[in-house]
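If you scroll down you'll find the structure; I have some questions about it.
A, B, C, D and E are the chain letters, set down in written order, and residue numbers restart from 1 in every chain.
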Amino acid sequence: MTDAPTGAAQAAALSDEVIVELTDVHAGYLPGVNILNGANLVARKGELIGIIGPNGAGKSTLLKSIFGMVHVRGGDITVKGESIVGLKADRLVQRGVAFVPQTNNVFPSLTIAENLQMGLYQNPKIYEERLEFVTGIFEELGKRLKQRAGSLSGGERQMVAMSRALMMDPSVLLLDEPSAGLSPVRQDDAFIRVSDINKAGVTTIMVEQNARRCLQICDRGYVLDQGKDAYEGTGRELLEDPKVIGLYLGTLGQDDAA
Amino acid sequence: MSVTRTASLGPLGRTQRGGPVGLRNPARRRPRSGLLALIAALASVMLAVLIAPAAFAAPGDDQEKTDFYFAGSITFEDAPIDGVVIGVDGGGFTAETKTDAEGKWRLYVPEKDTYRLKVDEDTLPEGVIIDAEQLPPGVSPVEGSTGEFDAEFGLTGTKIINLFLGEGERITTSFADQLIGRTIGGINFGLLLGLASMGAALIYGTTRLGNFAHGEMVSWGGVIAVLCTSFWSLPLWVGVVAAVIAGALLGWAMDAGLWGPLRKRGLGVVQLMIVSIGLSLALRYVLQFMIGGGTHQLPGASPDPMHFGPVTLSYIDITGMSISLVAILAMAYFLNRTRIGKATRAISDNPQLAAASGIDVDRVIRIVWIISGTLAAMSGVLWTYFRPGVQWNMGMQMLLLIFCAITLGGLGSAMGALIGSLIVGVAVEVSTLWIPTDLKYASALLALIIVLLVRPQGLFGRRERLG
Amino acid sequence: GCSSTPAETPDGNDGGDAKPAADLTLKLGSLLPVTGQLAFLGAPMEAGVQLAVDQINEADAGITVDVSNADEGDLDNKAYETSITKLQGEGINALVGAASSSVSKLILDSNVNAGIVMVSPSNTSAEFTGINDLYFRTAPSDNLQGEVLANEIAEDGATTLGIIYQNDPYGTGLAEAIKNTFEGAGGKVVAEASYNQGDGQFNAQVSEIAAANPEAVAIVSYEQFKTIGPLLGAAGVDTSKLYLVDGNLSNYEKDNLSINLEGSKGTRAGAELPDDFLEQLNAAWTAAGNDKINDLTYSAEAYDAVILIALAALQAGSVEGADIAGEMVAVSGGTEGGTPCTTFAECADIINGGGQADYDGLSGKVTFDENHDPTGAAIGVYQYGADNNNTRIK
Amino acid sequence: MSAENQGSDQSQNTADVAETPTGSIRRPKTTGLATGPAAPGVPKVDPILIVDGVERRFGGLAAVDIDHLEIPRHAITALIGPNGAGKTTLFNLLCGFDRPNAGKWSFDGRNLAGVPSFKVARMGQVRTFQLTKSLSLLSVLENMKLGAPHQIGEGFWASILPFLWRRQEAEIEEKAKGLLKRFKLDAKESDFAASLSGGQRKLLEMARALMSDPTLVMLDEPMAGVNPALTQSLLDHILDLKDQGMTVLFVEHDMHMVRHIADWVVVMAEGRVVAEGPPEAVMEEPAVVDAYLGAHQDVDLGAVTGRIAVSGTDTAAVKVRERIEAEASAEIEDEGDRP
Amino acid sequence: MDFGSIFGNTLVYLFHPVTIAYALAATGLAVHFGYAGLLNFGMAAFMAVGAYGYAIPVLSFGLPWWMGMIIGMLGGVLCALVLGIPTLRLRADYLAIATIATAEIVRLLFQTELFKEYTNSAGGLTGYNQAGGFTDMNPIPPGTYGFGPFTYTAGQLWDRVFGLIVLVLAILLVWALMRSPWGRVLKGIREDEDAVRSLGKNVFAYKMQALIIGGVIGAMGGVIFVLPSSVQPGSYSTSLTFFLWTILLLGGAATVLGPTLGAVLFWMVFSFLGNLLPQAAAAGFLPITETQAAVVNWIFAGVVLMLLVIFRPQGILGDKREMTFVR
């Protein structure tokens, strides 16, 4: 039912401009312990990149290292051709990079509206306009703008987190497990929206444990294991690679989807 | 101001027994006849006229002076009685004197011993006697007589025996008036405290740092003002402006020189708290180094108060209260409505995420420190006028109350800091109507604990949800 | 090097001139507040110590005093803790201090253990009466001062009195003495309000007093008067009927007080201080590079304490703490037969001449009784003029 | 335990499962749990947890409002429902972490209303948290050990006397290590729990809850963020535990997992139980599909989003895609487009 | 400058009743904060209760000294209960302020004139060691012992030895407790009490037990503190608590020996500065007078305390790794 060549063709059709590039990145939290051991990744303009891998592989660490939240000890990270190693997070935001962390991704004591406002802290003028866009995706939020994010359910928080990042109309979007905790219908919506946003030209890098869904919409995917990119390929190639299935995707989804 | 007339003072200062004690007791002695009274009155008038020159001389001038004397004054219904005859007798020595126009008398005696004193009750006004029961403690009445008693010297060579006869009148403030007056005073104090608390609450609300050096930031304002005015004799307004600017500078310097770098090092809040304790110690003694250990007054401190019913306020109080209120409300607006204000709360929740949202965390925190320093310095100047006086450790003296206030209101809440401060202020001022004054701060602290018992998150705090 | 040998002073004995009789070097420590809540008290006392030491050393009467100052601090910063260790480490024989009765009590045992004689210039509480053989004080007793002040208030005709006092042994003791005497004279104390040391504001206390509307108000405080005084004025209390005590009887001319104290009175122990006493103090004090002082509170007591210690050492011919303590009563005139003298040089001459001196100091005759309390102190009564300075009237 | 349950539990081969970590065999479901036709509130043959009229309001919002609900014993029950349906809130209430405005509930026949959370856990009803709660500055192993119940050494006086608790401690440690291996956390055993990744925390949370051998374990989205391959092997573990007599109640949005292991499914929406029944049946209910599962459940998202060509026969995908495009394209075109 | 005396006076604090008393109190605080995560800013109250609990029974009721000490420790238990019942349910930062407040109330109650009969209000208490009291129990024959800066009379040695015995016992107790499952639960509570609750542990009871244990150790610290001196309400101000916290963090919060090490270091730093600066000023190395040096001393002390915490935030014995995760 899938049609791999089409996907590949589409990827090829994208511009070749490299937006995000990690070359041989080494990074870690504790002194002397590297979590990323020479990770490489390329995201070209308009690409939707999926990253999958086992728990603790370093996927979140990879995103955090792009966003300057982890000490990068070796290698280089460039965004739009410029090295951004050591740059503060708010500078990256100025360059149009948005990030949804995996955990602690909302401001609990702020209301939903304020959380969203924080999303476009640097450009508050377009609030109304963007709010409409975001609440179009997650209608639930629109109705409870005054509720404090700390009292939201897990899924609702996730929606707020996504929305916050989408508020600022980024040119590069980093998503760490955006679908976790969302109900199936919202998950699908989220994937579709991410895909749509990406199609509109936003380079997107997405970490997902909902690997099948993720790879279905990705242009290219990376499998990260033990801090290194173990596999790379188009979403379809990875989806069908038996090794990837055996080690990372499992067969549960396969059975049911079939 | 409502004025109460009290029968508080009896003749000899003890009125608990009720009624106009010390007045001649009809059961014990009948009033004299009209004739005698007339004579007595005439005599006293004549006497007064005759000895008028002597009245200008000090009491006791009629005697040979020694190192030891009895003295006192005699009044009836608050008016001095002139010409009362008092005699002393003991150790073979006797002497007599009369009270002067001020009701004063003095009797020198040759040595420190027990003497018997006798007031000639006939020279007292009509119907007045000296009730033995009402004599001061330590003066023992002689059995079977009135107006006669034994008195002894204490450690010194002087023994005073005042006889305040008749119903005294003392105007005291009624309880209700005291309550009102003190409540207003408490609000005044509370607003001042609120101004100081705002800064601490702001720092806490942004960085989760309980800044124990905040007291010194308050003192700093007062110290700069006093340096400018008292030490360098600059006009007051210069001092005040300088204090506020210096407050902002201190806030800036603290963040730029200390807290900013420490944030980069990733110290935990408890570690930072201990650092702030060290800083508080260092700063406090820097201030002592600057102005010494004494108290200094700013020009114009404690001007004449204005009276509004039971409430007395000076224009400084009113100015201070207005400034506090405006500043506090402005802060509340800043925190809840402006972008940076919201950013402070966002940073408090999660600095990393705040940075990831494009907030320049360091810059916002810098601004917060500057605002906090400014507010603290302003409250320092007001505190200087409120107390009044500048002292190197005056900020530390209110630190606990500041913490008490912001916790009571709910940590991190601007409105909470204001309400908490008012509660603390009123508790401190009003509670001593019931409890000893040396426990006045305990009342504020107790208020905190009671509030936390009922609302563990403080008045304006919110509980986090679970799961 | 902390063991205590008196002769250990590296260069204390320049020993140029010939010395009469003995040749003693007294290691004297002073533990007075330079920091902390009582910091304002420290300088006058330190100056008193310095002046006395200078005079003793100048007199060259067979005893040299090698003084070492340490900071008493307060109970909050606990400076006394390391200071006393330091002084003991230096092997002092005698100590002038502490100023605060709490600190005196805290260090007493360890000083006694180390055989140091202690003379406090400002402990007034009755609790120190006979507390230890090695403990003396030159401050007048609360009871005496309280009685003088209360008599003064009563004699001025006040029927009612309000008292604001510090809740510490000094304040409570004095307040109680004032109250007892005043009520014993037929007056009534209608309001009492105490505050704790370190309190920042006194509004509730002043309100309490003002509400009772007493004719006179006694303020038993230290420097806090500078804050309490104006508050009393603002609360409508008659500031010409305030009564102050030795802790706060200062000249307030330069203090910008905003109230006029004219007519108010206060008490302080001792004869009227010589006119030039302040100048002498400042001369001694500023010689060491310190800022000038304006205040004399307890400086005479500190001065007397040093002179007495030196005289006792001279009389004993020894600088051991116990020996000094043994002669303290005698040189103060507590035993019969002493020849009165008023300066160190004078007294030292008597002692060196084989006689017995009876030192009558600036803070009074300071005659120690068997409990080591000073007796015979004359309490002076002072009155404020329009310039907020006080002059002695009795 | 009902007779039907026992009948259906037999044909089960654990050895098979262990061999193939990714291709586990579907085990037969426990059936015959309810006494009547599947409908909200239907009584169970052998309920372990009975909820009656429990209501929890936050301001105007009724987060939980359940008339009657029974959870069957020795079975795996899935609690599903849209975000904000009140699932976590219900968990909080049932475990004593929150107090309802009204209602009562019982566990194993014992009334739980007003019972503090720790006592609930001691009775054998243990939960995990959706937003994980790891004990950051304790090692992973210590986290696990803390999960063990009835430890002698946790008493104050006994703790000073190691000989009283050493043996038990050794047993606990062994068990903890076994579980950690199973949950692929053995390599992190001595690291601080704070250094775990998001998914690893979920795993730890679950493993820790299992340390206490609970009668009823309540898992709040246990597999969100866990790698699918690992999920699969863990599901077998849960099934094993069920076979050993444990009851499981879990919240999950991963429908594969629900289909795979749940014997019974309860659907919540807006605080109420809107449907319950065996998984296949419930997931076909139109209301559930509409509000919760969505139309794309079984459709390749690549097709929906137009990333892969859709063959004409795949009508579902075509329809969905058309709808989506109609709804969204307008917005995205004028707002999402960047110059 | 006489470095011999400077170092001598500094070394004195290696073995000193004050060091021991502070070490005890800080050990108690380690149980509270280091292990149980209770932000107890009321440690001064425990010391006060210990001290008064020891002195009042001896002075007012004529009980023997050891009864006094037991009552002092019971005072610690009581104080823990009084402090804990209202405050233990609070969030950590609220707890900190509530405990400060409670401790101040306790101090003010000891200081007020209301209970003068027993507490002697601000005058404090003395004389509880005399006449059949603790001093008379001294088993050490009179004489001087030791060498150099460590020279003691029998009485001084007795104070120290007794204090040291108590300290060692307390450290052993804490060590035993913290390596047990009980200690594990406590540490769990420090990290997340809800998680521990969900595992079936009675969090409140554990917190209370910890508060009591730490409180009793702190109260014992209070007793040792007053053995060679006197009970003064002013000693128990918040600055005492602050100093104890500094000590705790200097040594390492969740360590057994850290508090003791911290106490030694703390007092040695204070003493060193207090000796060095006036001498340096007198010798002309600093452009200040000796009097000013006393003030500058405190500025330095504050700065040094800051620096110690800044450059060794986990404390001397603490685990550096922990600092990566603190917030």
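We adopt the following convention: a contact is a pair of C-beta atoms (placed from the backbone, for glycine too) under 8 Å apart; a residue touches a chain by one contact, two chains touch by 3 or more.
Not measured: the values here are computed from a predicted model.
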Touching both chain C and chain D (chains): B, E
Smallest count of steps, each to a touching chain, taking chain D to chain E: 1
Touching groups left behind when chain A is ignored (all other chains fixed): one piece
Chain whose Cα mean lies nearest the overall Cα mean: E
Per Cα centroids, the chain farthest from chain D: C
Comparison of A-E and B-D by number of C-beta pairs in contact, larger one: B-D
Most remote chain, CA-based centroid, reference being chain A: C
Distance between chain centroids, defined by C-alpha means - chain A, chain C (Å): 76
Whole-Å separation of chain centres (CA-atom averages), chain B against chain C: 26
Centroid spacing, where centroids are CA-atom means, of chain B and chain E in whole angstrom: 34
Whole-Å separation of chain centres (CA-atom averages), chain A against chain B: 64
For chain D, residues that touch 2 or more chains besides their own: 88-89, 97, 129-131, 195, 220
Residues of chain C engaged with two or more neighbouring chains: 34-35, 42-43, 77, 167, 194, 196, 198
Sequence positions of chain B contacting 2 or more other chains: 281, 285, 288, 436, 438, 441, 466-467
Chains touching one another, given as label pairs in label order: A-B, A-D, A-E, B-C, B-D, B-E, C-E, D-E
In the complex with chain D, residue positions of chain B that touch it: 466-467
Contacting residues of chain D [partner chain A, same complex]: 22-24, 26, 58, 80-85, 87-89, 130-132, 184, 188, 195-201, 203, 220-221, 224-232, 235, 253-257, 259-260, 291-298, 300-305, 307-309, 311, 314, 324, 328, 331-333, 335-338
Residue numbers on chain C that touch chain E, as the complex places them: 1-3, 10, 34-35, 42-43, 46, 69-71, 73-79, 81-83, 85-86, 89-90, 101-102, 105-110, 113, 125, 127, 131, 167-169, 171-172, 194, 196-198, 288-290
Of all residues in chain E, those that touch chain A in their complex: 321, 324
Chain B residues touching chain A - in the complex, by the definition given at the top: 339, 342-343, 345-346, 348-350, 352-361, 412, 462, 464-465, 467
